[in-house]
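The block underneath contains the structure these notes are about, expressed in structure tokens.
Order as written gives the chain letters A, B and C; numbering starts at 1 within each chain.
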Amino acid sequence: MKTLKRMEELDFKNTGDRMLKLIHDLYPICRSITGEGVRQTLSVLKELIPLDVLSIASGTEAFDWTIPKEWNIRDAYVEDSKGNRVIDFQKSNLHVVNYSMPVDRIMTLKELQKHLHTIPEHPDWIPYRTTYYNQSWGFCLSHNDFNRLKEDDYHVVIDATLKPGYLNYGELLIPGQTENEVLITTHACHPSLCNDNLSGISLTAYLAKYLIEQPLRYSYRFLFIPGGIGSVVWLSRNEDNISRIKHGLVVTCVGDSGSFTYKKTRQGNAEIDRAVLHVLKASGKEYEVVDFSPYGYDERNFGSPAFNLAVGSLTRSTYSQYPQYHSSADNFDLINAENLSDSFEMYLRVINVIENNRTYLNLFPKGEVQLGKRGLYGKMGGLQNRPSSELPLLWVLNLCDGDHTLLAICERAGLHFDEAKHAVDVLIQHDLLKDLN
Amino acid sequence: MKTLKRMEELDFKNTGDRMLKLIHDLYPICRSITGEGVRQTLSVLKELIPLDVLSIASGTEAFDWTIPKEWNIRDAYVEDSKGNRVIDFQKSNLHVVNYSMPVDRIMTLKELQKHLHTIPEHPDWIPYRTTYYNQSWGFCLSHNDFNRLKEDDYHVVIDATLKPGYLNYGELLIPGQTENEVLITTHACHPSLCNDNLSGISLTAYLAKYLIEQPLRYSYRFLFIPGGIGSVVWLSRNEDNISRIKHGLVVTCVGDSGSFTYKKTRQGNAEIDRAVLHVLKASGKEYEVVDFSPYGYDERNFGSPAFNLAVGSLTRSTYSQYPQYHSSADNFDLINAENLSDSFEMYLRVINVIENNRTYLNLFPKGEVQLGKRGLYGKMGGLQNRPSSELPLLWVLNLCDGDHTLLAICERAGLHFDEAKHAVDVLIQHDLLKDLN
Amino acid sequence: MKTLKRMEELDFKNTGDRMLKLIHDLYPICRSITGEGVRQTLSVLKELIPLDVLSIASGTEAFDWTIPKEWNIRDAYVEDSKGNRVIDFQKSNLHVVNYSMPVDRIMTLKELQKHLHTIPEHPDWIPYRTTYYNQSWGFCLSHNDFNRLKEDDYHVVIDATLKPGYLNYGELLIPGQTENEVLITTHACHPSLCNDNLSGISLTAYLAKYLIEQPLRYSYRFLFIPGGIGSVVWLSRNEDNISRIKHGLVVTCVGDSGSFTYKKTRQGNAEIDRAVLHVLKASGKEYEVVDFSPYGYDERNFGSPAFNLAVGSLTRSTYSQYPQYHSSADNFDLINAENLSDSFEMYLRVINVIENNRTYLNLFPKGEVQLGKRGLYGKMGGLQNRPSSELPLLWVLNLCDGDHTLLAICERAGLHFDEAKHAVDVLIQHDLLKDLN
């Protein structure tokens, strides 16, 4: 059976550079949960992978939710009485509270201040704020700029529209040998923010681009969706086939220099949980594991009680862990190509485990197999320690009793998945194992 | 549905004072496992709560046991040759070994000494000793007084009777919405001893007095029984209905200043075990948990193999932990109203959990519920942390899948029971949850 | 029911001396996996216990293996050009690589060196090496001797034969009350090596000699087999009755001064695992527990996936733990009679647990049994602590509910097996317990 290309043959450095390039391309676009920004983003991705772009009309119901009106923005600013733009959307799309209603008024500083948002603890940073489901408007700015504002009559303009339109998302199914699916999903609704979530969009796109050329056991479904409402909508439109999803990961925050964090699925000990934990442990790197909670990213919806899908989330720093989260400091200073390629490799290693986590049967289960006569065992007896290549063979033969997947064998025997897989390959070559799948 | 009064509305200080007052009233009575002392005690309690007083005749068989003859005592003393009472029951009913046979003899010091009991390590204290099932007699005194006794001819009098009569116990059933019962039981056989067990009698009585006025889901059965034989007798007379008892607690040693100790049920992980552990943990106080053992108080009988009832015991210091146990030092120096009210509150909190530990179903289990449109979610998006009131709502909705009781939700989510219950109330108000009970 | 003699009556000192004497008798014999050495060894053992000696012809197939040709050796040496034996089999049978092909040639030092084996880290020791399944030859010598060899023409002689013959092993079944078996097995193929494995042969033989005179619940099967191939052959010839084996232990390395090591069965929590762990813990001595791995001694074959027998291994130091392993330093300096008797006692204690690990039913399960009226409970009530003899009685009565074996009771109650067994005996005497087996 053909399988994924071996890790050793992959050029992760190059992939990291290309992922970073894609982030640069997408950074200037002002995304939101609806609107031109999302469509432009999906268009860029379509140059890389054969994405389907779906459009759901405003007003469509999706479980407890309704698709909101489409939001688009051309410009926004606050001008002082001398005509100076003291806040300017053209300089950063974070300056406008995302989904703000249109405004065109003159107002005093006091009146204006009710609509201004800052981060006093980080006085140089512009916060990222949204008002998707509450008709309102506002501006975000650095606390230092906020302090510089004087009494004046300000011309406040938000040249935005909120009208019936569409919610869009991108979807790509790479068919594998079976209809069983692995779901790789990322939100694609944040404006100029690098780690959360452009890094997730980029890694997901390059993962799709890589897997599309591989022989695959599972089918892989990739989603680029607006956070929250997007996963609700997707679930509501795919309810009948949801049981095909066997494993899933939410991708975001994969470009910063923090160590990995894995948030478990709601099930808590699903195969994807065990696969990620195995790969993280085998990496020798520091990492953190947190239990599922109904807060965070779209695992909230995939892990809602009616679905309870085995969807975890593998990130580097997560929302609660890094101060730059949802601010203008989540920019190109925070991420780099090396971290992106490192994250990409970790995702591929997880997929490698999931793809190869099969169950095999030892065809000579009575007593030990005589490895020596097959050239698989050292010739000299009596040594204090056996060559290290022999133990994986012995473990795999001993535990291939039909009850242990390859991952379960690794967990019990303390083997790395790759050495266990290598032992399986050798033993199959010698007609000692049978693939039960 | 109506439920227990909220903790915040209760005046525990006042309850502690009243509990202490009751202990003062009961202290002088010379109780034993049978006799006038028990009946007087139950009479005092009947002024507080509508107790049934049951009488079982001597000689009645109860499983492996037989109701003993009834013991009553009028007076007892040891008089020296000059007519001085060197030991005097009138000064402390602990001076006579409980259930001593009548005696009226002159004897030498040497002969007398065979019948004297002291605690050499605490030479000021009078021990409490019993001889219920072994016809014998004796006196207890401080080791200092013992050392002061000189050679003399002593007149030894125990003016007691041991004759066919009755064993008595008090029982009160407060009916709730269901026939499922919570058993609250205390032994009521100790003479002038405050912590073990007058504190238990008093707390149990005031718990009954409180619950009798509350709307209750469970029925509550209160027992005031002689230790050991009392629980055997009660079990033997209620064998057919024992399966109604779903949860139970043995009450004693609840007035001293020690931290709480919970002795688990024989089942080891019963709902009452989890409820008590949750409440103790949530209290933020120090506490100790010990496993069930077939020694201690009446949990020995409720946890005998044929019944294996979920009966634990929540005490402060327990018999093995405080030196004053079963001695004259278990007096009003050891207990106070504050400790009693603190224990009372802890019991009520446990009952609150048991009463409200229901299973609810999220009526919108597909994807997240849109809390925002119901005013239950902050209007501003993008914040680093959500308001603390939102997380309990999200957890309760996520885990109300029909498989989790409210206590199980708290255990998994790390919520306090009260905040989870509050979330349930809010969600039911908004027609988002359904009570499955 | 009669049972094993009480530990206290046994003279372990004497047994240790006799075990050491047997090792002295067997030490000089040059054993291998086939040949005269094994037969001589089994003959010596037959003087002690009524062993059956089985013979399986070379070429016979056994699962994935084939019985090899029989190997015998008369002499072997390397002589320098002056006629001095610089390596001499007569001085130590370790000097020849076990199963070496016959050789009679003159060769240079350079040519000879390709066939020489040493342990550079321990330059005084002769290694033990084998070449059972790979036709080859060689000599083992101390690294110091190796360094003393000079350029010369050496006469190299191995006067050995490798011809069709037999593989032999010894077997003894001591029938008990039931056909359920305990397997006690040791390899008997090592030449002059004391700890691994003459200590195992000797302990196994004396265990058989002791048990043959005891009333036994289980049948005990003792095997003295060549390592590896021997257990494969035995399994292949006894496949139909293998399910009779309920518990098993591989015996070796029981004479050195290391603390005990228990290697668990493949099942991991079998009764034999729990019995050994209980006995080790109760001993108060240091010990180590390691999980099963498909490497080590014959547990590899007994724990192969088709059989998965509950066979663990109780040793002192194990192969991976002591430097003298498989070298001439595994001699009489490494072992002594005290360690042997200590190991013997530990094995007997394990067998004692297995033999007596029955399930009993409390015949008075409703409420506590009244021990006092049977003279089993102290007469004085109210004491702070009960006499230590009472608690085992209470625990055994409480947990003899039909669901707990005696070992399970000990594990839960923290009792030593002997005190629990004593409590059982007392309670059976008083008609309070019934043996459910």
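Details
Keep this in mind: a contact is a pair of C-beta atoms (placed from the backbone, for glycine too) under 8 Å apart; a residue touches a chain by one contact, two chains touch by 3 or more.
Keep in mind that what you see is a predicted model, and the values were worked out from it rather than measured.
Chains touching both chain A and chain B: C.
Of all residue numbers used at the contact between chain B and chain C, under half are used by both chains, marking a mostly different-residue interface. Chain A maps onto chain C through a rotation of 120 degrees [Cα fit, steps of 5, range 0 to 180].
If each chain is reduced to the centroid of its CA atoms, chain B and chain C end up 55 Å from each other.
Chain A meets chain C in the complex at residues 362, 364-370, 372-373, 379-386, 391, 394-395, 397-401, 413.
Residue ranges of chain A in contact with chain B, taken from their complex: 62-65, 98, 117, 127-134, 136, 228, 231-232, 235-236, 239, 266, 293-295, 300-301, 303-308, 319-320, 325-326.
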